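The letters A, B, C and D name the chains in turn, as written, and every chain counts its residues from 1.
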Amino acid sequence: MIRAGVVGASGLAGGELIRLITQHPELELAFVGGSSSVGRRPAELHPNLRIDFGLTVQPVTEDIADQVDVVFLATPAPASAELAALLADRVPSVIDLSGAFRIRTPELHRRWYPKVDRSTELADRFVYGVPELVRDQLVDAPLISLPGCYATAITLGLAPLTLELGLDLRTVLVDGKSGSSGGGLHLRTADLHPFRNNAITPYSPTGHRHAGEVADFLARAKSGSVGSLTMSAYGVPLVRGLLTSSYVFTDGTVDQRTLQRAYTRFYKGDRFVRVRRHDETLIPVPDPQAVLGSNYCDVTALHDEEGGRIVVLAALDNLVKGAAGQAVQAANIRFGLPEETGLTMQPVLPA
Amino acid sequence: MIRAGVVGASGLAGGELIRLITQHPELELAFVGGSSSVGRRPAELHPNLRIDFGLTVQPVTEDIADQVDVVFLATPAPASAELAALLADRVPSVIDLSGAFRIRTPELHRRWYPKVDRSTELADRFVYGVPELVRDQLVDAPLISLPGCYATAITLGLAPLTLELGLDLRTVLVDGKSGSSGGGLHLRTADLHPFRNNAITPYSPTGHRHAGEVADFLARAKSGSVGSLTMSAYGVPLVRGLLTSSYVFTDGTVDQRTLQRAYTRFYKGDRFVRVRRHDETLIPVPDPQAVLGSNYCDVTALHDEEGGRIVVLAALDNLVKGAAGQAVQAANIRFGLPEETGLTMQPVLPA
Amino acid sequence: MIRAGVVGASGLAGGELIRLITQHPELELAFVGGSSSVGRRPAELHPNLRIDFGLTVQPVTEDIADQVDVVFLATPAPASAELAALLADRVPSVIDLSGAFRIRTPELHRRWYPKVDRSTELADRFVYGVPELVRDQLVDAPLISLPGCYATAITLGLAPLTLELGLDLRTVLVDGKSGSSGGGLHLRTADLHPFRNNAITPYSPTGHRHAGEVADFLARAKSGSVGSLTMSAYGVPLVRGLLTSSYVFTDGTVDQRTLQRAYTRFYKGDRFVRVRRHDETLIPVPDPQAVLGSNYCDVTALHDEEGGRIVVLAALDNLVKGAAGQAVQAANIRFGLPEETGLTMQPVLPA
Amino acid sequence: MIRAGVVGASGLAGGELIRLITQHPELELAFVGGSSSVGRRPAELHPNLRIDFGLTVQPVTEDIADQVDVVFLATPAPASAELAALLADRVPSVIDLSGAFRIRTPELHRRWYPKVDRSTELADRFVYGVPELVRDQLVDAPLISLPGCYATAITLGLAPLTLELGLDLRTVLVDGKSGSSGGGLHLRTADLHPFRNNAITPYSPTGHRHAGEVADFLARAKSGSVGSLTMSAYGVPLVRGLLTSSYVFTDGTVDQRTLQRAYTRFYKGDRFVRVRRHDETLIPVPDPQAVLGSNYCDVTALHDEEGGRIVVLAALDNLVKGAAGQAVQAANIRFGLPEETGLTMQPVLPA
């Protein structure tokens, strides 16, 4: 068994990590860390998980090196930056779910994460990316930084255009729509149920740092290119799940058939990316309800011939494929397990 | 009292018209028409409205000319086309809420409404437009065609850019998000509660006929221009309300201050358009929850300097300002009443 | 115009009072009071109400006697107790929406409101009750205490059994179900959208003080009696609206026809109580969605012959008929206006 | 591998069975049957399950005896009655999820299922009950009838009172609250999203056949008794999950400590029943959100000393523990597998 530690145990991603580790045949929960809930049992923090792990939340010190083989950091970016510095050379594997080490380019990092101090040396040691695109680099990687929930969907949606078709994407405009669990738990009036139940809330109308992350990553890719990439993000009244719509203008020529083939070919063998065909029934295109609770990302690319654009849709569960599930997926690759180990749960529909 | 008839009485817009007429001091419900619910009382069809109007649903014949001063057609476009032909020269005022007469350009009409036969002569007699923009033409107008719910929001959002600032909008990309009442009542599995409660459904991902309507209208405007206008539309899990995000790329130079001033100036005196400032609290930008049940359309324009674009947001209640409320507003202007007569109800928040 | 003050302006009931006063032809908003939001404009606190009243929130002092004819206290019970003592002999009319003065029997008051100090003398001066049942006492009443939202529904549901039919209700068991606005705005994790969206939460499983209020009131009624009255309350995932199910065991003999006639007769002429018939369509029994945003309370009584019980259902909008609307209704009676003045808005359905 | 057939493949319970079989290490999907969707692949019917099983929906004939070891009937009761008659002596194991064989007493069966013809001989061969209570009888049982979703919750909630404490329950009044998936998929206006989003719908206000099922079962129990058992059922605006509140009046003496101990003792070792303690945090009592997607039933019993009653709460996911999960649990016992095989998924919270 691989001994896993979860830091940030009281948050949504922390709880989801514990849920997935509980269901995982090769991972065992060996440490739960945090600062705000020290001394409490996981079952107290997450009432769905009424299991006695024999553990309580503890502060993180370098001593945890003896207890764990892998530490998942489900902490805010500033805390992750500190914890990673503490643990990087002590624990065999550190997997960070925050934004602290996502953006490689220093100026871009400072632009989007002005409050997150990190050393460039440490940042350079992290492997960043959606597992499907950086799989080889994850094997035995000691330090892994995972994309944000939106960035995962956008990147998986755009990658076949640049990496498979080699297109130059002149303008990409992303409209992201997500549920109320996307932003974590904050005690704000606007996040109370009465003000989210009927809301379509433009919470980041003119920019979102996940767009910076995607642009930074795709700029380093071997083929294709991305010119302008802008993003706006909206909260809609569900809890789990997001959909990204990437509206792409390219000078290259494509048609629907080419798109469909390229996406199918690119994701052939990728168990967690499902290319939708649009001629299917009931839910013909990516829709987060069809991936709820699972590690799937559903994608499709549609050619809007009249509009001269490509519409790329990607849906995922922000707490699974957008956070904890993707982290477990990365850990599986890191430790040489089959990629889907512990992640074979199917989506819960309807819910 | 002005005697009003509502045709399509069993639908959502029909029910909303009856609700608003009930609250209106100068309109009286004199006729309810329809084909599927003949003989039934309005209160049976709309359980919120348990009022005895002394009326039952009747088929529409030319005889209704004696009973009404104005007829609201809350019928599907093909039915509206037929009914308008029947009633145009018999009833003093016909106000159509469908798409039958919205698009003036015949080719564009056929492109988006291939099944709606109408005579071009009749179509040319209709005044079309958001009341705020065609107010003068509505006075005494016998035939009025009202914009679709999305088109109303998009047009009110973009109008200050073209009509006030005179900008040429090179590329406009609209992302529309709406609740489950937007598409009417259809007995389809996908529209049952279990499949809408957690959905973000791309139901028109590569185009929507309301975009054609807006483009056709703005093309005839006196100043500014619109190049490419594309649209994608999504269903989100609320019932009432929509938000349109119009992403605008223009060669003209603007900044946030210019935008804010132009919008405020353009809508000065317009009671039903509220320009948001973005520095307000709790719900700082247009969000349909803040207009629910009312005839308001909230708009704001944000300059995304880094992204080189303008983000225009507009929110409204699709059954009120997007349908029945706007129809009553048009009727008020048509009959010389103060524009807000019977429409002074404030939004119901939270709900 | 009657000059109205609203204290507790930042809360949900306060906002709803401002909404209703805005729509009222005879009330004008003359004062907004509070302690937590001093200096802020109503429109900042309630983004639906973007109206400039020329007022900001002020602390309450005895000086407000010059500014208002009626003060609505939409404050927590302890604050209401203090404010009522301050204003009772200074302002012509004080209408309290809290629980401070609802229960007359001192021991029962202490049992349910142990933290609310009030003088028995002052309490005895308040008229308490649902307007439909204490209408005569409200005329010119200087001090009015309104029932809680649940108590309103339960009382209107049970009154025809005791007051009209003179039944002795041996055992009454109330199961109350309400939306998330029922408990006010509290910054608690359990009230965040993610933890209410899929919840059926037994928040008062073994007792609720509104039951004490109802029992205390009915015990003083002229006919019929109530033996044991117990209550359990649940939160369900909507925002506005509640339904009370009162399961009644009585030794008296009734049948469905008798019940239906008694309810219809008892509420004849009461504009805001709608007796449902159960043979109607679409929404045949009381359901809060059919009263949303309105001052209606829908009631029905069903005879369960096999089970030997009467099932009484009552639905209302907790912020309107359960709070602000009922307060305006009481004020209308108090000042000799037609009872429905300013309250003629019809329910918003669907929403 | 045990070869499983699912009949009624297009329904909600059918889809859930396929989901759970997919996740089960010892069950393999060998047949999918139905009448309305013949020829279609499971993935077309259930867009969450985009898996190629190499199967399409087929009509059920006696030939399926060669293909399956167990058949799950997720069909309406009349179809189940027919299919069971056809398959009872041909297939090693038939597990029926409908109401066809739940009620043993013939008169009671006819009272609640007047349209379901079945032979009493066949009915008597079925083992009926919640697996936790009839476990021994399930081993090698060829014919199994599973309780309804509500009946499962009510029975698990009441069983410790009668079977462990031996109490005579004079009066039991059940108030059931469930999500929109509870009634299956019906193309009715009242089930469309707009009319469920804000609803608290009394759909069975004066009686529910699941109460008959529970009474019939408990009447045959070895200890304790149930006098009057009545039920009312309500739809609330979530999709998955139900809560039953059983209000119990008994002449026996109990206190909270006795109750808590009895429940804990009775369910010791039962993996899928979790006794809540009420002093826990965040979600202290049974709430369906804390069991979503899992096979758990959370129960608690609270002593309302002042009211002289016991309040028993039970929550479960109606499609899992209330249907498909319980069916798999029964199959596990039937075939000698560990009871939790394939059912170890933890609840998805928040969702």
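For this structure, a couple of remarks:
Going forward, a contact is a pair of C-beta atoms (placed from the backbone, for glycine too) under 8 Å apart; a residue touches a chain by one contact, two chains touch by 3 or more.
In UniProt terms the chains read A, B, C, D = N-acetyl-gamma-glutamyl-phosphate reductase.
Just so you know, these numbers come straight off a predicted model, no measurement behind them.
Steps from chain B to chain C, minimised over paths through touching chains, total 1. Set against the Cα centre of chain D, the chain with the most distant centre is B.
Two chain pairs, A-B and B-D, are compared here, and A-B has more C-beta pairs in contact (counted per touch definition above). Between chain B and chain D, the centres computed from C-alpha atoms are 46 Å apart. In whole angstrom, the spacing between the mean C-alpha positions of chain A and chain B is 38. Residue positions 12, 181, 189, 194-195, 197-198, 237-240, 282-283, 287, 292, 350-351 of chain A are each in touch with at least two other chains.
By the touch criterion stated above, chain B contacts chain A in their complex at residues 171, 173, 175, 177, 189-190, 194-195, 197-202, 205-207, 228, 230, 232, 234, 236-243, 245, 247, 249, 282-283, 285-289, 292, 302-304, 306-309, 311, 313, 315, 350-351. Residues of chain A that touch chain D in their complex: 12, 15, 19, 22-23, 43-51, 181, 239-240, 274, 280-283, 287, 290-294, 344-351. The touching residues of chain A, counted against chain C in their complex, run 12, 179-181, 185-189, 191-198, 237-239, 351.
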